[in-house]
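Input: a single structure, listed below in structure tokens.
Chains here go by letter, A, B, C, D and E, matching the order in which they are written, and residues are numbered from 1 within each.
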Amino acid sequence: MSSSASFMERLGFRKASGVGEAGWGRTLFVAVIAFIYFIPVLFIIFTAIKPQNLALSVPPTLSPTSFFGLIPDQYVFSPTLENFGSVFSRSMTTGGAPEDTGFDRYFFNSIFISSVSVGLALIIGTLAAFGFSRYPLKGNDTYLFIILTTRMLPAIVVIIPIILMFRTVGLSGSYIGIILLYTAFNLAFTIWMMKSFFDELSLDVEDAARIDGSSEVKVFFKICLPQVVAGLAATFVFGLILTWNEFLFALLLSGADTRTVPVAMNQAVSSGGRGTDWTLLAAIETLFLIPVFLVTFFLQNHLLRGVTFGTVKR
Amino acid sequence: MTASARQALRLSGISKSYGNVRALSNLSFDVPEGRFFVLFGPSSVGKTTALRTIAGLVPTDSGRLEIFGSDMTTAPIAGRGVSMVFQSFALYPHLTVYENFAYPLREEKVAREEIDRRVKETAAMLKLTPRLERKPGTLSGGEQQRVALGRSLIRRPKILLLDEPLTNLDAKLRHDMRAELKRLHRQLGMTIVYATPDELEALSMGEEIAVMRDGAVVQRGTPDELYEQPLDTYVAGKIGSPHMNMIKATVSADMASFETPLGKLKTSRKVKTGTAGEAALLGIRPSDLKIAAKGEHAIASTIHLIEPLGDVTVVSVDAGGETLRMVLPEASATAMKPGDALPVAIDTTKIHIFRAASGQAMT
Amino acid sequence: MSSTTATAAPPALMTLAPDNWKLAILVGLAVSVIAAITFPASVSFWIVGAMAALVAAAFVVNAFRRKYYGGLLVAPAIAVLFVMNIFPLLWSLGLSFFAYQSNNQSIRFVGLNNYIKALTNDLAAEANWNALVNTAMFVVFTVAAQMVVGFLLALLFAKQFPLRKYLLILVLTPMMLSVVASGVFFTYYYDPTFGILSYIMGNITGEQFILMDNKLGAVAGIVFADAWMWSPFVMLLVLAGLVSVPKYLYEAAAIDRVSGWRQFWTITFPYIRGLLMLALLFRTIEAFKLADLVILLTKGGNDTMTISYHLIRIANEQNKTSEGAAISYLMLFMVIVLTNLYLYLANRRSHGA
Amino acid sequence: MTVMTKMKGFATAAGFAATLMVGGASIASAEDVVLTMAVPDWPPTRIMKKFFDEQYKPASGNKVTLDVDFIPWPDFYTRVNASLTSGEKKYNFIVSDSQWLGAFVEGGYFRKINDLLEADPAFMETFKSIHPNPLNAYSTYPHKSENYYGFPQFPDVLVNFARKDIICHDEEQKNFQAKYNKKLPCTGEELDAMTWDDFKNVGEFFQRKKGDMLAGAPAEDDFYGIAYQAGKGYDFSSMQINGFIWQMGGNTWDETQIPNGQAEGVVNSPEAVAALEKYLSLIQYMPPVAKTGTMDIFKSDELFREGKVAMNINWIGLGEASLDPNSSKVSDKLVFGQMPGTMGADGKMIRWSNIGGQPFVLTTWTTDAQIKEAVEFVKWWLSSEIQHQFAAGGGQSAVKSVYEDPKYVTYRPWNRAWAPQLDWQKDVWHVPQFFELLTQQQDQFDLAITGKQDAKTTLDNVAKFQQNLLTEAGLIQ
Amino acid sequence: MSTIEIRKVTKRFGDFTAVRDADLSVAAGEVVCLLGPSGCGKTTTLRMIAGLERATSGDVVIAGRNMNELPPEKRDIAMVFQFYALYPALSVGQNIAMPLHYEKLSKAEVDARVIKVAKIMHLTEVLDRMPSHISEGEKQRLAVARAIVRDPNCFLFDEPLSRLDVELRHSMRGQIKEVLTGLSKATVIVTHDQLEALTMANRIAIMRDGLIEQVGTPHDVFAKPANVFVASFIGTPQMNLVDADLKSFDGKNASVSLAGNDLVIAADPAVSRLKPSKVTVGIRPRAFTAANEKAADTIAAQAELIEPMGAETLIHARTAAGGDIRVVVPRDKRVKIGEALHLRPDPKQTHFFGEDGKAVRA
């Protein structure tokens, strides 16, 4: 395999196999704990389907159903889907007609910016990771470490020059600017993750492809990449979660047209004359959670396999 | 094996170092077209590097590589007409068996129907037809090995390189595959360069064997030549199982008899290059030791260890302070016990004589 | 790693060839200097950029012709990182030696004054130091809480059991929430009048419960929210380590009659140590940057000001750009020292017995 | 997939991406004038946008579009500051908090409007008919000079929100009378007449535990008499404390006195210390969240709307939500009065308060064509008709003819307290150092509010800091 | 008395029966090999003895105690795992010491035991290295060392040599055998390599598909295979197993039609039980002598493939019926490809198997 002990290896990663089995007893036990852990999220979701005037009721209303009388009536509210409608269209003035809130655009922006930038970071980072893995330089780890340090500073520090730079170049408020920024933001992590995946692959398989007549480009795309799908998925999920919820860059560098949901979400927080609109905020968050939840759920198998495979040395 | 065959492969003076480690040291050999050629030697002797050099996976430091007469020393991998089976099989783990087979053909832009035909034909030949849609990870070791073989054969390479292809199989399969490979070679007639550390594989399959040591060939020849005329103790020790018994000896004045701990041994030939009193090593193959028949000149010995190997039993005996291994048929060893006395006879016509100092054969 | 073909000789210095990067650098430098002198910044910026692109292109062509695939593969990433990270970092490093306020575009060289002010000015230095101490406290508490909770959660999920997949995603969800939303909801959970926490505590003790009215409570509230959100991250990594422990090691330990405690330290822990360290590294870096939850929950009140929020106020609200840059470079210096120390320790431990 | 189809796919994707990226930046032509406006997202700005879309017909015949960027309040300043300092030159109009004037005028972002006013006497007349207190606060830099920069967008003052179902309840009236020998205020006029001591009495009187009798029924939850802002964020305590200081004879650093005005000795004068002590002494009667330093204007409003408080001092701008039964449990039980005052030695009430609300300003890169249309728009906006409509829709007007119109008090229940309050408005600093002054002061006030230090130390710290900073900046000699 | 005894042990995983009614006893000082192809249940059997799997039914008795309900740590056994199961975070010395912690010995005692065992297994030089930094052979020896540092009831080895290369395997076979002889404990070794089993075991239990097919000494299983499977599994090259028609048997000579030849061959009297029927005739490759011409007791075949094996040569010969017969001849006997051979099987080494595959023997 690779000749020099990698950074990961020095951290002590080793080979994987075997998971124990447990029965329904464990399921029950874990379910209780997972549920407790999930309660704050569940509360947000329930708030999203609460009537607005119950959002701050004391005692708090906890459930949309009494579960066959299990929960006392005072804690039960009758669910409504109105709040979700309000996310996209509601009256913005006293007694005014409902108007478009622009949230469809913000959702599109979030999805577009996150997926493009995470995808771009994945492409660029994967190439770089392959480069670092297969064409080792002296002091490889040092380069990786420098790449890592770019993540260490509070965002606000790089933001000052980036704002100045964007202003000079005219990228303020454009998709290109924010996407490039997020790409860079995700790059360090991507390179780190993907390099450890490539380090794991058998070099013989690549050589076999070369002997079978593949060019270097084909070896990469047809042989190496398909083998690290789990890693790509895991990296994508991590990157997505971080980018999806990123707030500060989005606030400072996106314009009205490129605004993402986390920024626009503040509409519901002290929305002028209305204080915090709890049900609206909950509805936005619930909707906003769905895409990343689904992506994570469907890539979950890859996620765990990816994390294991990628960071554990043979 | 025609004498006039073209040279499929010629390596002249190839050297290769990885940092301070010298993998190949002035390696030269040639392989006639159609030959089953074995590179034999223990691990890390440079076999794999030699194969990878031929394939073009490893650039050489110096030397020249010719394939069918043209200089391929720095040619790209793709055009060499060489394919290779790796020790690890190196199957494409993300592709089905079918796609593994089809891969080299797709790279050659073979038409779809032709690919299909050849994949099926190859699968049938290797008895893999029911496995075509499976991923390599779900196959047994033997099946994986056959897939690796099939993938190398399917594009009908002029030269096939096999890097310890049987090492990862279990014992029984290894035996069966030897004959299979030999049949395939005869059937397809391509040039094969086969690297192995297993002398049984080398002897049984190789039409010609090059014994390697420290990145260079120390002796090459047919299995018989190597078995019968090892050039030095290294080759003598590697070829033949169990290993040749080596007995310290001194050359006598008649140049044909030797003083040994077992007594004076007279060989059937005279050594021409030695001097009287020179220290020598006498190599006696375990199979050339027999239980002495009545009346035959025998060496008294005591049984030290009995290793039944099924058909045969290896019996180690102590004689004159030396331990000698001998191979006996299973039936004749069943009654033996360690500690028993055993009269041993040596077939003196088959004694190999080496210089103790250099290990070179004495002629 | 095959490059058996002979590489072409590099072109002579004055040859006009697309792979002559030496010439490209010369030309680029000359043109850039001239442009910087003759044109206004907004124009010369683009000219300098074009020159940089020219040099980069020459490097790429050179790499391609001579098959330096490694360089080619890494180039885009380096380019993006350079433009978006390293260049801004250098820029702000430069700024830290000037007196510059972004809302008032006057600029004046002041040397190390910003650093001196950050370290010695009796008002500024005290605030910085205070924020730094608080940040250190949050780093210790949040990371410790995340590690412990994440570790325990991972232990729960280490074995395969029915419905594991579905329960796991429940635990992962907090990480997916937007900090804005979850932070705001935590203000609700902690609210003494409306919040659930005070409701429950009030019912238990019969007395009014106000979590956030003292430093301990405020810190606990922030640490809890942060740990709740990010423990799943630690869990995921630890879990990956746990499932990677070969089962046969535990079997061997059973045969060798090794006690549970010793099993953990000699088998389990070494396997997850690497991932634990990785989690620790990433979470420490993030904890150093803690600002959003503080802003949402306390606005820095009850002595919970962190260095990151402090920087936001200085550099953004007060537009004291260069002063903020100086403070952040002091901080970066510390983070790098700490990380190196950490890496050194991590390596030493994995190499030693 | 062949190479060609791949290439096509890529080209399509790239084209799509490029369209998206370029889209959004549209360029105004001669006929089409686009005025881009950065505003906080709340009803007063939403109403303005609505009126514009529905009613505005430019006299020039050009097609004028008002492109409004509604930015959520919590991030409004951060976002506007980033836009301005990044030089993206995106907005023509910005709804700015009055205190930001100094920072952005000095930076060259806000356009002086004297020339526009002088070019149009009718416009000047309207402008001058704005009440001088809001005019000075919203438009002048340096403060109270003749340099004008902004137009009032939404003028705001603090008023007293009260629950008449509680305070007018017979039982409570009787008990209050018995306890304090004073009538518990019930009507708007009675509220107007309250002093801070009366306010304190209400706070003390109405502090009830869950289950205690409240207005004839057992309280469902803990109940409190009074609330006002005491939060660490933004200006969420200064705006209240300044009122106390001014009312009780103290002062803040006075920027109109530059360069002779001092901070030391003024900011921490004994009067100011006493005022702060007064302010702090009332906090114990407020809902417990006040002790955490997070009782901002939204929290006290929320508590009031949820029926946890009898009286709340808050901005009129937040009033609409109290009237909306969807967001308010007390929408039908409201009565409003002026903010409590301090009884002067002469027996007259002193009511100084810190003005709220926002002006909108023009940015310096706005083109002549845009300015022409912008002026037309502002004239339309300040026209009596639109100001009336705005007030009727939930806004406020500082234009004299409008707020003096008898109709005006009918628009909203708090409008009765509006005009008299205007006379008592002052503003904090407009200097570029505003944010430094504010954050340090808020930090110090927070320490006092959460009980970490006393009023004297607090104001001493504030004064020392201000003295240092302003001296360094050359504003104090 | 046997140290290890398993009685009617069955293991089922869901519908799949891994081990069926296995009976085996191992006496103190005896080495028994469980031999069989992969997936035959041999490892499962071993793991049931160790307590790593629970038997579905049946009894596991070790040192006279029924161990069915006891976990591995209570069974006092030592085991060498196929992948060695070295503790990667511990040095070689610490690995060896690991099983001793339970015994609460003093540090000096532990060190003494570790050094003693390290000497036996030639590990003294590498005691301070980490397992990842020692050679494959050293790893294997370390695994054994860790097992023999204790004084357990018995030793269990799971494929101990499968990861070593040819040469190492040869030498380790001898070493392990020597060490085991010195220990005199009941030992069970699982292997798929018959050579390992034949050289190391006192007795061999051959398993297939969860069933123990035959238990016997190396000589027994080689010379008297109980059935076709055992016959084919033991011996290299593999025994020729040729389908034949048993035409008649006169109590001494059997007349069979075999691979296109009619053959008269001396057979075990028990063959009479078979009557005329389909049989399988098993002949070891070394049991042929070459005749010069066709005879009543020769099989005609044509040399098809020749594999020199050093001292001997393996010939794959094709019979008239198209079957393949393996013949081993001494190297001096030169055979050319295509040469016609007349092979005379040695009746003493010819086995008859009935239609059920069972050997027919008196």
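Going forward, contacts are C-beta pairs under 8 Å (C-beta built on N, C-alpha and C of every residue); 3 or more make two chains touch, one makes a residue touch a chain.
Computed from a predicted structure; not experimentally measured.
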item: Intersection of contact partners for chain B and chain C; value: A, E
item: Mutual neighbours - chains that touch chain C and chain D alike; value: A
item: Leading chain pair when contacts are tallied as C-beta pairs; value: A-C
item: Separation of chain A from chain E, taking each centre as the mean of its C-alpha atoms, in whole Å; value: 55
item: Centre-of-Cα separation between chain E and chain B, whole angstrom; value: 26
item: Separation of mean Cα positions, chain D and chain B [Å, integer]; value: 92
item: Contacts with two or more other chains, residues of chain A listed in rising order; value: 14, 56, 58, 163-164, 168, 210, 252, 265-266, 269, 276
item: Residue list for chain B, restricted to those that touch at least two other chains; value: 56-57, 77
item: Per-residue multi-chain contacts in chain C, two or more chains; value: 2, 102, 193-194, 246, 248, 270-271, 316
item: Residue ranges of chain B in contact with chain A within the complex; value: 52, 55-57, 77-78, 82-84, 86-88, 90-95, 103-104, 107-108, 151, 155
item: Touching residues (chain side chain A, partner chain B) in the complex; value: 202, 204-205, 207-215, 218, 223, 226-227, 229
item: Residue numbers on chain A that touch chain D, as the complex places them; value: 52-53, 56, 58, 92-96, 102, 112, 116, 163-164, 166-168, 170, 172-176, 251-253, 255-258, 263-277
item: Footprint of chain B on chain E - complex, ascending; value: 37-38, 162, 165-167, 173-174, 192-195, 198-199, 218-219, 222-223, 233-238, 284-286, 305, 307-312, 314, 316, 328, 330-331, 348-349
item: In the complex, chain C residues that touch chain A; value: 1-2, 41-42, 45-46, 68-74, 76-78, 80-81, 83-89, 91-92, 95, 102, 153, 156-165, 167-182, 184-186, 188-189, 193-194, 196, 199, 228, 236-237, 239-241, 243-248, 270-271, 273-275, 277-278, 285, 288-289, 291-292, 307-308, 311-312, 315-316, 321, 324-325, 328, 331-332, 335-336, 339, 343, 346-347, 349-351
